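Which chain is which? They are A, B and C, in the order written, and residues in each are numbered from 1.
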Amino acid sequence: MIGERHVNLAVLAGLVIVPLWALWADEIFTITLTTRAVILALAAVGLNIALGIGGMVSFGHAVFFGLGGYAMGILAFHAQSYTPLQFGPLSLAGTKSMQVIWLVAMVTSALAAWVIGLLSLRTTGVYFIMITLAFGQMFFYFAISWGSYGGEDGLSIYVRNGFPGLNTLVPIQFFWLCLVALCVALVVQWRLRTSPFGLTLNAVRQTPQRVETVGLNPRKHKLVAFVISGAITGLAGALFADLNRFVSPTMFSWQLSGELIILIIIGGVGRLMGPVIGAAIFVALEHWLGGLTDFWHIWLGVILICIVLFGRGGVIGLLTGKEGPHV
Amino acid sequence: MSDTILATRNLQKSFGALKATDNVSIDLRAGEIHAIIGPNGAGKSTLIGQISGGLKSDAGQVHLMGRDVTALATEARAKAGLGRTFQISALAMEDTVLENVLLGAIGATGGGWRFLRGVSGDRDLNARAMEALARVGLAAAKDTRCADLSHGQRRQLEVAVALTLQPKAFVMDEPMAGLGAEGSKAMTGFLDGLRSEAPILLVEHDMDAVFALADRISVLVYGRIIASGNVDEIRASAEVREAYLGESV
Amino acid sequence: MSSILIIEQVLNGLQFGVMLFLMAAGLTLIFGVMGLINLAHGSLYMVGAFAAAWVAGATGSFLLALVAALAAAAAAGALVEIVVIRRLYKAAHLDQVLATFALILIFSEGTRWVFGSFPLFLDIPDYLSGPVTLPGGIQYPFYRLVLIGIGFAVALGLWWLTAKTRIGIQIRAGENDREMIAALGVDISKLYTLVFALGAALAGLAGALVGAIQSVQVGMGEPVLILAFVVIVIGGIGSIRGAFIGALLVGLTDTLGGVFLPELFKLFMETTTATQTGSALASMAVYILMSIVLIWRPSGLFGARA
């Protein structure tokens, strides 16, 4: 068996080595794939805080991913069309600056997470799963029916947004930017998990009545975790939109929410690097299986059922021989 | 009475047609162990729920240190000084013994709103946690996963978590349940010493322990207190004999 | 706005509602009895629709198509229950969600593999097509009236099954105490397979019936599934009566909202903005309804457990 720390270091090393190799071998597409994996990992890190530590099985995290995407899409759309963004009497200019877009994406997602959390966390268990799923659909249909920003067709952005000191149009530079964002999120996740807040949240998942009897409020801790979680997934959404230079309602789809959960399960629920390993494997499967057969989802389904029935703890559980948290 | 720490006044709770507690008024005074006994289904768990805040009462009040806490949620009652242990362990089974006690220390020292500094680096939290563990004799097992503890150790850990809160009053739900003779004796000795720190409302089935420890005993049958008094009075009470023996014959 | 339009739309809402009920009834029964959250319920709806379209295409008989839908969905349900689902009854909700999500992937891609990506069409038979004239001179499609009738009939049938029959008593007993009824000699795993197949058959029936007014295609089940979730959250999980009331509420809200909200906004907005705002809001109406119910009653209108 391998120590979890070694697994974590190996994964991080892989995230640096693979794109460097791709750069050397001039495999630009591999860089794009790795970037995709890194961004999905970032989204899943967000979800992991809610699901893995806090035990909130959110089937609606695509809401935050989509909001991040549309934050980018809408701001960049107004910048590229030189039209102001109207909020009633307030008129704002669009922007092509990533920092501003990220901030807007995170704040919007956090606000949405706060409202959704406030309503959904009145319930637990199956109700919570179904309600978050329903909220996801609500945003999905709203995006489809809101014609100003492309409706069902989505929005295309012609040029990737800019970041000071970088040429984001160069794939490897954009990749480094995403990797740094992921690493920051991983550090946040790690510090959070080891902090008093994280210890409390982890206890809320296992035994909420205990948490109450030591004078702490389980629901408030869950809500705050849900907001942090939403903000991180929102940031991932903005980056994802920038990677594709395109946003559409599919970023809000329930399939995407499901895929984010799958990433975490494949890697290992509640583990620091679970989302990263899960995202890497998912993107690899999507690429290789997708290249072998048009119906690769069948095989993904079979793999998933096997993981659920036989492989508790995901890949990290398999490698380290430790089962990990239960949700 | 001025030295009353915890008191209930006419507490009532019904589940449908069943009156689980009916007009229950009890006092817990400084320095004492007040035991609540009664047959299964007498309403003891309901009463504990009403006192600790997990169950909303239909009528009646709960007072802690002279303050009416009836309207407060569980966590607010804990902050006000109520330390509760569970009958069926409500511990975080995946976490270590130390982490379980740390949770209590976090609750006692301003809560879980500290995000970025690690728990392991916080001396105050760890000192509080280790002190509580040492008192129940679990210090050596601090890194054991809770799921790997013996039944008796879990009882001890339950008490340790409550200790970290430094409560004004303890409410203990069957701390002896499932302990062997040895463990029961050790727990009895520990609770005996604890009463001078904070009084204990003790719900317990182990009659040897109850008769050894309790300053006063109240007998709960079908949701009503049918007798209340010291050990000798309860032993002599005709109503208690009827309730228990009438039940079991 | 004419009263004819209103009555028409109310009927449309009822028709949508009772079809949602067919889905929601199975979901809520399966959750109530087995404690399982089944995302793949929408796939069984799709299986029913495809089976019906295929059999109708081969034989030309709508009735045979409906029988095929019931049989195929029930068989698929029973098969899935025996192979995968029964291993999940005691599992965590997360595991149930994942495994049944995986089943959706398998069902959807499998169907695409067999039938291709193009939609199939299922025609309403002649004897059910065309409009009928209702009292008050309202012209309304006969087929939709039939759907409403079938929905109410199934609701009655389910009520009779759970309240009056031996098997219904066993089902309700299984909800409360599975060890006890196993001790009484009821074969609990057969009972569970039966309940699951029954829920699947209802979903398949809904798929076939709706398939005749929409196109039959891969992925048709999931939007309905999620609305059915909204229905049982509103009605209270495990309650058939709640599912019925919830389904009618959701069906009416969705249909009437889509038609009347844009009209409402036109009263105080210019037409294009009103249409856009109204239809955007209408698409969210059922979820807003759900939020309101939840704020008021977190475990639904008729729900016992949260």
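Criterion: a contact is a pair of C-beta atoms (placed from the backbone, for glycine too) under 8 Å apart; a residue touches a chain by one contact, two chains touch by 3 or more.
Worth saying up front: this structure is predicted, and the values here are computed from it rather than measured.
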Which chain's centre, taken as the mean of its Cα atoms, is farthest from the centre of chain C? B
Can you figure out the chain closest to the middle, judged by Cα centres? A
If you average the CA atoms of chain A and of chain B, how many Å lie between those two points? 43
Taking each chain's centre as the mean of its CA atoms, how far is chain B from chain C in angstrom? 48
Computed distance of Cα centres, chain C from chain A, in Å: 31
Where chain A touches two or more other chains at once, by residue number: 326
Check each residue of chain C and list the ones that touch at least two other chains. none
Considering only the defined contacts, which chain A positions touch chain B in the complex? 191-192, 194-197, 199-203, 206-207, 209-217, 221, 224, 325-326
Looking at the complex, which residues from chain C come into contact with chain A? 31, 37, 84, 87-88, 91-95, 97-99, 101-106, 108-110, 112-113, 222-223, 226, 229-230, 232-233, 237, 276, 279-280, 282-284, 287-288, 290-291, 294-295, 298-300, 306
Any idea which chain B residues touch chain A in the complex? 52-54, 73-76, 78-79, 83-84, 86, 90-95, 99-100, 102-104, 106-108, 111-120, 122, 125, 161, 164-165
Of all residues in chain A, those that touch chain C in their complex: 51, 57, 59, 119, 122-127, 129-131, 133-135, 137-138, 141-142, 144-148, 254, 258, 261-262, 265, 269, 295-298, 300-305, 307-309, 326-327
